[in-house]
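Sharing a structure here in structure tokens format.
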Amino acid sequence: MAQGPYSDKVMDHFMHPRNMGEIEDASGVGEVGNPACGDVMRLYLKIEDGKIVDAKFKTFGCGAAIASSSMTTELIKGKSIDEALKLSNEAVSEALGGLPPAKQHCSVLAEDALRAALEDYKKKQGTA
Amino acid sequence: MAQGPYSDKVMDHFMHPRNMGEIEDASGVGEVGNPACGDVMRLYLKIEDGKIVDAKFKTFGCGAAIASSSMTTELIKGKSIDEALKLSNEAVSEALGGLPPAKQHCSVLAEDALRAALEDYKKKQGTA
Amino acid sequence: MLYFDIMNRVYFDHAATTPVDKRVLEAMLPYFSDSFGNPSSVLIEEGGPPRQALDEARKKVANLIGARSEEVLFTSSATESNNLAIKGLALAHKSKGNKILFSEIEHYSIMLQADSLRGLGFEVDFVKVDTDGLIDMADLKKKVTKGTILASIMQANMEIGTVQPIKEIGRFLKEQGVLFHSDGAGTCGQIPVNVQELGVDAMTISGHQFYGPKGAAGLYLRSGVPMRPILHGGFQEMGYRAGTENVPAIVGFGEASRLAQVEMEEKVARVARLGQKLWAGIASITYLHFTGHPTQRLPGHVSFWIEFVEGESLLLWLNLNGIAASTGSACASNVLAADETGLKASHVLTAVGVPPEICHGSITFSLGRENTEEEVDYALSVMPTIVDRLREMSPLYEKAKGGK
Amino acid sequence: MLYFDIMNRVYFDHAATTPVDKRVLEAMLPYFSDSFGNPSSVLIEEGGPPRQALDEARKKVANLIGARSEEVLFTSSATESNNLAIKGLALAHKSKGNKILFSEIEHYSIMLQADSLRGLGFEVDFVKVDTDGLIDMADLKKKVTKGTILASIMQANMEIGTVQPIKEIGRFLKEQGVLFHSDGAGTCGQIPVNVQELGVDAMTISGHQFYGPKGAAGLYLRSGVPMRPILHGGFQEMGYRAGTENVPAIVGFGEASRLAQVEMEEKVARVARLGQKLWAGIASITYLHFTGHPTQRLPGHVSFWIEFVEGESLLLWLNLNGIAASTGSACASNVLAADETGLKASHVLTAVGVPPEICHGSITFSLGRENTEEEVDYALSVMPTIVDRLREMSPLYEKAKGGK
């Protein structure tokens, strides 16, 4: 498969996305992107005692967007909020075995979705 | 052979030039062209009773120049001076089955050589 | 239930390129190592057979499009033909005016010349198309003005399949004294084309879309129309295109043209029938929008986009299921571009009014003569599963469904 | 006694083109009808093998000349590479100046760009060569002035065989901050070439002169040097050259490069030896003048002209005797030109000071790896007969002999 633009890892996550779906009673939800620019990612987090115990996603987008979403959920599950905040788009891209230059923005989107979801969680905490 | 730029007739006259050589006691000799433009033709005529009884040539030049010289001698042998004067470069070119556009000037040169030789004959007659 | 173990590929991407016909390759083979001479070596025997082969090929290509031999020039690709035609005609006619018209849906190899033409002192304007992709004749008439010297309007767009009424356009442009180039990369060799009837001054012909080799293409240039070369050098191609000729590819292009002409009728009927079946079957997918004109289109060409389904993901899943298709213009895929500036919405889809905020990539199925009814059935069986899967992942679909 | 029944041709015209090596053709074959995909179809399986094949080929060509893969662009011919390099570099550096230098002995594909460059606002000047065909360094130094942005000096001229001291030229141009393109069509794949050592910014590579196919050539472009494309369109070749890649020809070009590198040493030794023998034998013909440098020249390249013997006629007679050679630049033969304006004396011969009024066409014998000692002997046996015959016909020789 690595003949295409995508690494084997990207293709694996594209074909077998981890944690695809929704979390009904999510602690935080982040949605970023807009359809006009091609990708929309929604990330659901379940947070308990400052720790991400579950993460799920729904993504409209290209192969890189789907794989970045999937990889992000994998990378943050079990992490503390502080640890998760340190996750960079480079780390997502690297964990995927690299993304084509034109697709780096997909990993940025994944980072953005994560931040948005954590923001949402904090907001909910504040107002709770 | 007609795969090349030249017709079979041209190649025949190039390979087997007719009347190549000199006439010792020529009635008229014409030399035209100059080496700077690539071809030099010298035409010898033997004229008796206003009739061209023999014609020979020497030519420095390309395939078309040699073939044009050769063909010209053939066309004029046995002709009267007046008939010979009517020989056009087109007739030479046509008799050769055509020449490439860039080589038409070789048939013009042959016509010029003929005129020069007849000129020379007339001059000799006049001063004789 | 997706299929990952596909033995036989289903190739529905003939607009991108086609395999070289075995008979075409056979015709090419003698010109690699045997009759290998340089056609410009006119004085030696080695130059003869390749030069004759070029003449023959020129005749065959000319025949295919109803032209005379001397009116066909060989280039290395449709892209080069398009560049030669536009820049070469524009420069040769600059004294008459500086305005050039393109349709809005030209291939990149026309479109992306605009900047360079402006640098040369030309003005470039774009003629609109309607939602079916047909040239807006009123807009064309409005935009042809005093200084207009040249218009380039493609015969068929490979992304949406619409075939333009070139004859009508040609008649109008002729009346106006505007030179007319048409990019026939999508049509020559694929549907009947006659340059005399169409009234074009120049037309691009591509061989590798009809079972000819890559590396050879043609440009029809009507007798007597002045044009400047863009590749300067030797005296090949009547002075219009320098460089040692790619003899084997040109021979193949010629033979492919001959075969295309002989087999045209049967092939068109066959792929049109399969295309209709595919079209009809696909129509049942919800939120699916066909692109291009419903009837004035390339035979065997089915193009569409689906709401809530991103084009690249759909294409990747089709590929994983053994089906080759394309998204956007087949020759202009740009995932490997140096940066994301290349990832804009297709200018063709935008031109036909597809809303970029709900469409992300059209899919084009372009059928060819080796496709079968079973392959169409197979594609129809696979499509709904993939579409469902991608929608299930999409936060947008859920909103649409949920009424939010 | 001339021989008209020649069964085996003696091919001494490798500068014009060479047959495709059977191993090269073998490498190309899978890419016509099997791995036929469009390399730009990156999302489908069909695009994979051709794209990988391009990468491989790029590596092989890069290796041949000591470059990195990313520094090699594929084009359709040396002519296109020359046009891309000159126009592309000139346009990209226009803000720095508008002066361009060519040597006087460049191939037409450089020379004939001058007018078009002037039309784009550039000034073109020409650097002299000495009577051996070597660049006149003093003249070069004089002509590099403030606004000089680019110089193009070929590595070897195929008409006279002289190989330039590119390294020295490159060092000087680098000091002056002038971009340096060198046309390596006569050298890459034929003698060892290392672009790093030579210090060139761009170099043209031609495949069909070293047993690769026609239709693919290369342009080395040093990393980081800006260049504009001349064929606009798709995003192929890193944006420098649009158009669907001629995959089979590029694969062949790559394989020919690999083989040339592996077999270089042996081949050079062999053809050099044969060339020396031919040179020595021919030297006994009276009124014969060798052209080019006696030692700094292409191996197996023997070029000369003979007083009182017109080049075309000599070539035709050699051909009739089974020997293929060329007169003037092999790729620029112009007997088939539209009119006689194309029949001027070679600009190369004029540049090296050959008097046009006594020289009418040089002859070039360019030997290749399949030539044998017997063929050289045969050519040596035929030459005097032909020369005598042509002189016998010449009114000029007679004058020279006759002392008039």
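To keep things simple, chains are lettered A, B, C and D as they appear, and every chain counts its residues starting from 1.
Convention: contacts are C-beta pairs under 8 Å (C-beta built on N, C-alpha and C of every residue); 3 or more make two chains touch, one makes a residue touch a chain.
As the structure is a prediction and not an experimental result, all values here were calculated from the model.
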Relative to chain A, which chain has the most distant C-alpha mean position?
B
Cα-centroid distance, chain B relative to chain C, in whole angstrom:
56
Roughly how far is chain B from chain D, centre to centre by C-alpha average, rounded to an integer in Å?
39
What's the distance between the Cα centroids of chain A and chain B, rounded to whole Å?
90
Among all residues of chain C, those touching at least two other chains are 42-45, 312, 316, 334-338, 342
Where in chain B do residues touch two or more of the other chains?
5
Which two-chain combinations touch?
A-C, A-D, B-C, B-D, C-D
Please name which positions on chain D make contact with chain C in the complex.
9, 11, 13, 16-22, 25, 32-34, 36-38, 40-46, 76-80, 82-83, 107-110, 112-113, 115-116, 120, 208, 213-216, 230-235, 238-239, 242-249, 312, 315-316, 319, 324-327, 330-338, 342
Footprint of chain A on chain C - complex, ascending
4, 308, 310, 312-313, 316, 320, 334-340, 342-343, 356-358, 360, 393-398
Hey, which residues of chain B end up touching chain D in the complex?
5, 14-15, 17, 20, 31, 34-36, 38-42, 58-63, 65-66, 100-105
Tell me, which parts of chain B touch chain C in their complex?
3-5
Along chain C, where are the residues that touch chain B in the complex?
42-45, 47-49, 51-52
